[in-house]
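What follows is chain A paired twice: with chain B in the first complex and chain C in the second.
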Partner chain A sequence: MDISHARKEFIISEKERLLEEIPIVDEECNRDFIRAIIEMGGGDVQVCLQCGNCTGVCPVSLKTENKVRNIIKMCQMGLKERVLSTPWVCATCHRCYEHCPAGMNPAELIIALRHIVVRELGPPPFVVSISNNVANLGQAIEISDKILDLRKKIGLNEKPFDERYRSKAIMDIKTIMKATGYDKLIGIDLGD
Partner chain B sequence: MIDTKDARTAAKYGLFYGCIIPNRYPGIERSVKVIFEKLGCNQLFSEMPQATCCPVPGIFYSSDKDTWLVLAARNLCIAQDRKQELVTFCNGCFSSLLMATEQLSDPKKLGMVNRILKNVFMKYTGVPRVTPEGRRILEPIKVRHFVDVLYRDIGLETIKSAVVNPLNGLRVAVHYGCHYLRPTENECIEDPVNPIMVDDIVASLGAKSVNYENKLDCCGAGGGVRSHVVGLAAAISRDKLMNISNVGADLIVTPCPYCLLQLDTVQERLELPRVPVFHVAQLIALALGADPQCLGLEAHAVRADEIISKYGGTK
Partner chain C sequence: MNSQTDAKVGVFICKCGANINSIVDCENVRGYASQLPGVTFSICNDYLCSPEGLSQMREEIKKSGATSIVIAACTPRICEKIFRDNIEKTGLNRNMLQIANIREQCSWVHANEPFKATEKAKNLVKIGVNRAKTLLPAEGVDVELKQEVLVIGGGVAGVEAAYKLAELGFKVHLVERKPMLGGNMATMFTCLLWCHEAPGKPQSLNFRFGTFPACDCSGCTIMPKLNDVIMHPNIDILLLSEVKQIVGHVGNFKVKVLKKPRFVDEKKCVGCGNCAVVCPVVKKNEYDYGLSKRKAIFMPYQQALPRKYVIDKDACLRLNGQECSACLEACEFEAPNFEDHEQEIDLEVGAIIIATGFEPYKPRIHGYLGYQEYDNVITIMELERMLDKAGPTGGIVVRPSDRKIPKKIAFIQCVGSRDRKISAGYCSKVCCMYTMKNAQAIKEVHPETDITVYYIDIRAVGKGVEEFFHRTREDYGVEYTRGRPAKIIEDKETKNLIVRAEETLLNKITERMYDLVVLSVSLVPSEGSQELASMLRLRTSPDGFIQEAHTRMKPVETSMEGVFVCGCAQGPKDVPESIAQARAAALEAAVLLSRKVAKAESLNAFIETEKCIGCGLCIDICPYGAPIPIMTESGMKMKITEALCRGCGTCVASCPAKAIHARQFTDDQIFSEIKAALEAE
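Showing the complex of A and B:
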């Protein structure tokens, strides 16, 4: 098997920066963080063995310096500030979960961390814009004129959805978002 | 008040197209309609005009699980009221809605959801069924993937016998996509480490599914990666596309429009040989003799002219 390209890819990928190489002071460690993660549904990070199986199968860990194992270790030590500043880059492919010998679900942990980020630092801009689309269009993305034309040309209704149903659906979505407090959480204005 | 119990109630399946298909690749929607016409099973399927975004897990499941679950339950209620199975054409919609049905079996979550759904005059209960022992139970709404419905309910033989443009000699690289296979916490539609259904469908159309390195790897787009760091998604796709061009595939076929969107548009940024990307529905429609215009290939970034001129003959 020719692995020359694989080797090249490996070299240009980011090396794992071990936590041991980074100086940590006691004040950085927030023990409540572990409980906050459990409350958000991320599971108990203390069961992690630091074996690194998750990192080995993670498509994002292969390409960036955000290694899953390191993120979990930082959670175990309560390094909240550091963890929350890692970018929103998990593909939620759930390979880590399939390979974890300790029965953890690192993808769910990342989801819990995102919940904490949204509540404490605010949502990233694309979360606001896509939530706005769903609230106002019923759909995550907007349609372009080009696609409206194409739809007609290939024999579909020009508009993807029947307007009569759509306005009711959008009303439902707005009502639901207001009831769960999602509008306030994300900072979108749904009108009255 | 809109009456949901109209003539469509008779159909066994409700079609849940999601966001990307109608708004980015409408050719998939048209292809699905062509397939059902050609296979003569149109009456089994009906549109779901009340449906909305599934909602997209990379945004809603990541920022507020409660909102995600209620919005998903609202979509499930539409199928529930018509006693239908819900058919998705996207791995994202599939995994989002399937995960929702499983979470709704938790009475605490179900209570929370129904308290909020009351505001929009809906209630999620599941579908009543009588067991062989005579017990009345409520089953969760069945969330199905299009590939699963084709393979298990309609059957490969039916598809095979309807092929008019056999795709002989076409070398296809199948990309399943993560949320077709995982998480295995959900009910799996097939073996997550050795999936075969899309390969078998491709083979039944006369084409050859070629194996390639790391076939089950991620396209790089999911979970908000594409929305947040486009370059990282592209780096992950690049590995995939390199492995695909190493085996000389003519075409990539995927059961997910989001993987399609990623693997198609990313090729404009990469200096690799161009390989067109089709949704599995588009490939089937082509083999069943659909007018090539129905496939809506104008919306694709990578042109597939060669394939169309070779296989799009019969109209």
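Showing the complex of A and C:
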């Protein structure tokens, strides 16, 4: 790596840029959080040896600041606020589970954390919009006019599905969402 | 089986200092017990198991003429034997004792509820008193102890135990499966390279390598011991042998050993090696983990003791029906013997020492670390063989792919250890240290080598071991990086290896290139040890190693009386610990056998011959092989060999004719307990 550039920037800058970190204190550590995770199906985080194998095999670890091992460590310490504010980038590919020597399932842990976030802080906007699409259109992504034009251009049917089956499927999806309480949890209006 | 109608029960209540008395009101219990029907006296003592407590117990028994005794104290697992021995001294039968557990099962578990705990203690004493009235006296059986010992396994632990027992004058049979003694320790042999002064090095570096932490050569350490054992008149060495069957009991085990043919006369062979020179068959040497080649007639490795050649039955042309007598023609002493055959040897021994040791874990073939898929991924045992001056590479570490000297080496710790996917997840205890030792050894020959150790935690415990770790990092400059590697990718052209891992202390993913990757594999129970454990009905711990009788107080005894365990058969450990344990096992066996005669506890079952229908169900069901059929005038009947019976009661429950009774658990005794337990106040 070329360090000269960084060095130069440091020399010409007016003062050193320092972080404003504060120590983690007892008030932040809530060990009851471990039990809450177990109840949500995330497994016992206390078995983790912090070996880092999960991060090593994780396909998104290079894209995130809080790597999966860090998330588990935060859970072990009960740093609920910090954990729940981490981004949702896990692809749930379960490679971490395949490799974990402690027999833990970090992917399931992430899913449990998502459950906790949605229940305590409400769903993030992208989850609401995707859920609305699934409930009303039967698919996660809305088909835009551009796609419809493109389909026509290359000689496909304008609509990629059979309307008769689709409306039946949407009815079923709505029934499932109502039965499981998903609509209320995410806050989507299914009509009647 | 009538209860004693005129029973006089004496009750002793132990306060165990504050252990019992701080929760249970012992004086209250004493007062309650003294009013129970049949109780002649009831006494409290601070520490009943102390010499003062025991002598008070004897005096009171003699004074009152009590016929049976109830002791309310700790679990029978701790002091039962002491108490039984003590009451026997007063002339009472040792079986006339009933223990009421008011510590573990009362004061300890009900520490928050002293009042209820006291009530429970009263109840337990009442139950005990009721049962004490129904106890039956019984005499133990005298068992003559055979003055011979079987040691299974010829590694460092087995050899040490055998030698110590032989020195004490016992006849020892040492059974080893391989054609040589010394086990795993003898294959770690880096002595020759290091027996010189290393110029320009600090004094602390000036040692030989082999075993940690002192780094003296393992060969130089074990060879004299092996020679002593081979020459010892009291030791009968059975190489290439396996234990096939063990029946019997403490003092009298009958053992069947299967001795496989060596096809070379041990008495004639001088180990010159002329035969191997002419032998036309070439095979990979499994004792060098495939790093070298051997012939069909071979010595496992150069320093193998005893120095006798052996013929591989599957590889030899002559033994597979072809015309060849090259080795026989080359041998001056006519040692090769193609007529050699399997022998079954019967032994009768008084005690057995299990020293079956460990095997290095074989990483899963085509597993994620690429062992046996990529040429340059090796295990630590292969590295040990390479570091052997007399080994396959002459003491130089090379890359198996191109035989070049590696410039960058990675060690990966905890391969097989601490992995709950493949075992109970135990720590193998020695891998951190053998990695340090081997990293130092490599650095000694090629100081320019870059060595990185990937670890999860370093467990450098024990005398001098932390200092050894310091030296590895400070004097030798070995780099330690914390993180369990995620995967290894091979560069197809150069055969170099890229190790991807998280450096957990930096929170960064690393991908670094190495010439050679060494897997620090775990220690697993050796092949066949599970069969041996089930043959002897020994308990094994969740990790698969043999479970000792008590983790603290009985470290070398097993669940079977007269069977002892030492070395890595009991769990992963280093050489000094194996030696210490081997000596402890030898001592225990010697203490047992030097009594010449032992008394078996009279906890046994007995059969009412009139009721027995001779169905033989008890024979099938008994885990100790105690019931035997006997022919009587009224047909086939069963009889219980008292010395074998452990009083488990399985036969009692299974007997369709209700002919079997456990001497300490007759229906009468159990119902009297239940009656007392359910009785309203």
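The working rule: the second predicted complex is superposed on the first by the 159 of 192 C-alpha atoms of A that agree within 3 Å, B and C clash if a C-alpha of one lies under 4 Å from a C-alpha of the other, contacts with A are read in each partner's own complex, and residues count from 1 in each chain.
Note that a residue touches a chain if its C-beta (ideal position, glycine included) is under 8 Å from a C-beta of that chain, and two chains touch if they have at least 3 such contacts.
Since this is a predicted model, take the numbers as computed values, not measurements.
Undergrad: Given the superposition on chain A, are chain B and chain C in a clash or a fit?
TA: fit
Undergrad: So, does A:179 touch the first partner chain B, the second partner chain C, both, or neither?
TA: first
Undergrad: Would you sort A:99 into first (chain B), second (chain C), both or neither based on which partner it touches?
TA: Only chain C; A:99 stays clear of chain B.
Undergrad: Look at A:70 in the shared chain and tell me whether it touches chain B only, chain C only, both, or neither; answer first, second, both or neither.
TA: In the superposition, A:70 touches chain C alone.
Undergrad: By the touch definition at the top of the document, which applies to A:61: first (chain B), second (chain C), both, or neither?
TA: second
Undergrad: Touching A:52, do we find chain B (first), chain C (second), both, or neither?
TA: Only chain C; A:52 stays clear of chain B.
Undergrad: After superposing the two complexes, find the smallest distance in angstrom between C-alpha atoms of chain B and C-alpha atoms of chain C.
TA: 7
Undergrad: In the superposed view, which residues of chain A touch chain B and also chain C?
TA: On chain A, the residues that contact chain B in one structure and chain C in the other are 62.
Undergrad: Would you tell me which residues of chain B are touching chain A in their complex?
TA: Where chain B meets chain A, its residues are 2, 17, 19-20, 22-24, 26-27, 29-30, 49-53, 55-67, 70-71, 74, 116-117, 119-120, 122, 178-179, 182-185, 192, 217-218, 220-225, 227-229, 232, 235-236, 239, 242, 246, 293-294, 296, 298-299.
Undergrad: Which bits of chain C are touching chain A when the two form their complex?
TA: 368, 414, 418-421, 425, 456-457, 482-487, 500-504, 507, 509
Undergrad: Which residues of chain A touch chain C in their complex?
TA: My answer: residues 47, 49-53, 55-57, 61-62, 67, 69-70, 99-103.
Undergrad: Touching chain B in the complex: which residues of chain A?
TA: Chain A residues touching chain B: 5, 9, 41, 59-60, 62-64, 87-95, 97-98, 105, 107, 111, 114-115, 118, 123-124, 126-127, 130-131, 134, 138-143, 146-147, 150-151, 153-156, 160-162, 164-166, 168-173, 175-177, 179-180, 182, 185-186.
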